[in-house]
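Below, chain A partners chain B and then partners chain C, in two separate complexes.
Moving on to the complex of A and B:
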């Protein structure tokens, strides 16, 4: 390594000492609030994670202390005892197929509503919005009866058909707003080139509303993956079919529970959620910000 | 375009999985429609109390009956709801292994499950069952709800090492002895009794203490219909509970604890006493079991009972037949007879410390503390009090547990306690 002559050496950088930034009381309070809020969100996650490596006595005696060892025994026990491997496979089947169904239904519906100008379309759009007013619990009994009548009780198939219905109002309303932002001129240009409805939807609209679709996918994924009540009632306890949200509570018993194993099982259920969120986070945040302006 | 490809591939994989797992006999195939499969719904999920023994006897049954497959369905506390919804859709399991509790009391009367009187006779199983168990599983119209199978004992565990450290020689049997023990334990800085004041364990103990002044007929009436405030015996019993609570009977914060925290307290030797059901007694490790004594809870000298009290029951797990199960009589008969077989029952007693309600079984070799609890519970040194679960209406159970928490809060007076209990019956 050669040494540069002093003349050619770059002059040492002098850090200019500008005016000291003063943090006002308001800003300090907002920092404090933000950090406190972040801690409030992180604390349960931390508790869950450290509990996954502890026995009951340690969890009750010192809940927030770090574990003595990082043995994965509790994770393997939870996987074995609740057959979380099968449960994850079932959750993937139900969630992915439900997402496919919701896209198949919501995208064409939103396209039609976005382009339509008549009063009927406005009524239909409002009808979709009314879907928000139906409490999930209120639909349980009719849904159960429907499943029993169709002979689809204790099957994943019914849930794959039913779950998209629960997210359809949000998906249609959200995608309609996104599609309304696509300029008419683009569509007109495509039509002049001979594009039909299907081509316009697939080639013009879909690429331009990807952030909206990602938002719908993430929100629906969270709803479908975490769904418990209908999965419990409709699919039932069979470990060959039950989803992970139904499988994990079997690790709890009223007589005695190994909370370390239960925590480990819960962590396992959370991992896919964090993975999906981490992968699609930026798209979704961007879409939500954009959507906030557009809607 | 790449992302659409990803979505498409994911969808295709899921579709392929879903298609492949239906009717292929793989792990994701329910396979419940097979006529040679007996579907058994239970709480024996792997990792729970007795699950290993259950799994081993099921394997033994399948070895002995290679033409029969047992398909197990597991639930936790939601097993009652899960069964009921399945029953409404005619998709219930063939056999149900569950305790007689809460909603299950109404099943036979509503026709959700058939009575088993006929099968007990025809399959020659009646003589195997202890008469008290048969009585406990029979409703007021003489219908036996299910095949009685396991029972429970519910005495008080006493850590004699901690008592000795406080200068107490033996478990207290009378109220003066108990009050003296509380004083000595407090002086030695040893919490006297741990309890799950926020759940079923606390609720049972509250009712046990209150029964110190309640005659059985009064207890049954009050448990069935409420009216704690209006019943002088119930008020007197609750006053006794409040006095003991304020004298320091329970660990600090008992009103917020649950059964798991209670167990952890006792197993870690942080408290000298704990009311414990036999499944918990089976979990006491050998070193602690060596200095654990089985006792009843002391009673007042002017009370209803003259000996320390315990709970004792025969309704822990029964073998319920379902309408679907009656359509597979050969399979259900084989399975029920197998579960009643002497060597199979003994396995549950020896390996898991189960209290079985079958005649002619030996005490547990592997769990001597459970055997001791059976001996004490059925001996003449204790009195058996009325089990609230046999009388409390199903809809009241959960609100009653919540009302219990108030009773464990220091300073709560009798009026507030009985009012909370009565409110539970109106919820």
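Moving on to the complex of A and C:
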């Protein structure tokens, strides 16, 4: 083990004189490209943040300058103008309830599919995994008609029922894979003691698949909190019902937008996501990786 | 078909064989627990997808209007409509520009990060941020930047390029370009993070061998790293293709409403606009079926193209 690296390491050092100069150009270009792109990502966010403390005249005159004061006036105006207080509450309600629904649906289903051996279960699992390939946008119009049909048009209720369905394929497939890693022996021992399906699921499986559940919760939280188009079409413009993603764009006006207020409102929509990211950085990155890999 | 019937039966027999009656009933009994999720999935996902096809053959001029059977009239209307073809052209342009730039840029960036250069941790955090920002927040940020008095025009002015200053999203020549630029802006970072993670998972000996070979940065990236993750790149191309084709309706809606004129109307926005602005549900869903078909064909084509050559 130790001899191998020792034997290989010196070699590149001796040889590197020649090639390294050529590598140097490639790497230098990569450094430049990567950090220019990073700058392009940061600049809009920086602009957004400093604008949320400025008046239009300051934003237009010196867009990249730091604000003169850190007064929260633009934030209070945005809260007041677009009723962001209600919108935040609505977004929290929709997100939290949808997360509860997705767990209530996906956890038993994943347990069932992980332990079942029949052909039916295999077909069900296949059906869920194909759901990855359905772009949610495709069914916008029929879903809107369904909401009207159920008498749940212009309500948050429909969104709470609907949003979990969009994350269901991912949640079920991911959790099924986690549940499969639980050794059979543990379950059999519990069954000897007379435990039923639900007892086994809650007492034995649930504690062992916590990482999977966290992944599902993170991914679904991002999807639900950030959801825009369905919220717009189904809940509509009613201030008492609409979510924050729908409310913030209404801060624009075709004649004279207060860019400071618009920026402040936008910052408000980002805060919860970045707070969660700050707390769960590693897990969140892992979750987004896993979520994308499982196609 | 034969494969499944051959491979599944032995499992239950071996599992339930040594046990008494109870465990053998366990299989079907747990499957029942998947029923609520399945119902939900059927009602809110599969049902609406199927309904697209049904609505596309109905004459349905508005929510409260009389509905009757239209046969293929909607498809005839769609295919004979100049706007549909303009939208299709815009979608094609969007895909042809955005997806290759995103994938190639993301791969180079992802590879660079996987070589762990100085400061790569910070870089990783920065390029991950677009994945966290919602469509409406992203659109609001760029609405401010592209505004006539926004930061982009200001920066152009400060380097003496006043000639380029104009109303970016209100100009026929640049409106759709802005939509594409926003796609690329966020798409590169997220995809690069995926590639970096994937390349990290390759055994270190690969890089060492390449270094011994004296291969340069470029050759190591495209000659050695890329072939090893080619099928994964195929998966991400497929995802970006679908995202670009379908979800960009949001950016169009939030920034340009398809205008000025119809210069930034693409297929997914057309589906939205016909249904919710012009209340022609039949037309909208006929276009939706065509969009769905394009998505499917594109997906299969990409899958074929990236299949490992062996």
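Just so it is clear, the second predicted complex is superposed on the first by the 231 of 295 C-alpha atoms of A that agree within 3 Å, B and C clash if a C-alpha of one lies under 4 Å from a C-alpha of the other, contacts with A are read in each partner's own complex, and residues count from 1 in each chain.
Note that a residue touches a chain if its C-beta (ideal position, glycine included) is under 8 Å from a C-beta of that chain, and two chains touch if they have at least 3 such contacts.
Because the structure is predicted, anything quoted here is derived from the model rather than measured.
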item: Contacts of A:32 with chain B and chain C, given as first, second, both or neither; value: neither
item: First, second, both or neither for A:65, with chain B first and chain C second; value: neither
item: Contacts of A:81 with chain B and chain C, given as first, second, both or neither; value: first
item: Chain B or chain C, by number of chain A residues touched; value: C
item: Touching partner for A:120 - first (chain B), second (chain C), both, neither; value: second
item: Partner chain in contact with A:279 - chain B first, chain C second, else both or neither; value: neither
item: Contacts of A:249 with chain B and chain C, given as first, second, both or neither; value: both
item: Touched partner set for A:271, first chain B, second chain C, both or neither; value: neither
item: Which of chain B and chain C A:191 touches, first, second, both or neither; value: second
item: Shared chain A surface residues [contacts with chain B and with chain C]; value: 56, 60, 144, 148, 233, 249, 252, 257, 259
item: Partner chain A, residues of chain B touching it in the complex; value: 3, 7, 10-11, 13-15, 17-18, 21, 27-32, 41, 43, 45-49, 71, 73-79, 81-82, 85-86, 88-91, 199-200, 259-261, 263-265, 267-268, 277, 279-280, 283
item: Complex contact set, residues of chain C against chain A; value: 4, 8, 11-12, 15, 23, 26-34, 36-38, 40-41, 43-45, 47-49, 51-52, 55, 63, 105, 108-109, 112-113, 117, 123, 125-137, 139-145, 147, 149-151, 154-155, 185, 188-190, 193-194, 197, 208, 211-212, 214-218, 232, 235-236, 238-239, 242-243, 245-247, 249-250, 253-254, 268, 271-272, 275-276, 281, 284-285, 288, 291-292, 295, 299
item: Complex contact set, residues of chain A against chain C; value: 8, 11-12, 15, 18-19, 22-23, 25-27, 30-31, 33-35, 37-38, 40-45, 47-48, 51, 56, 59-60, 63-64, 104-106, 108-109, 111-113, 115-122, 124, 127-128, 131, 133-146, 148, 161-162, 164-166, 168-169, 172, 191, 197, 201, 222, 225-229, 233, 245-246, 248-249, 252, 257, 259, 262-263, 265-266, 269-270, 273-274, 277, 281, 285, 288-289, 292-293, 295
item: List of chain A residues in touch with chain B within their complex; value: 56-57, 60-61, 77, 80-82, 86, 89-90, 92-93, 96-97, 99-100, 103, 144, 147-148, 153-154, 156-157, 160, 210, 232-233, 236-241, 249-259, 261
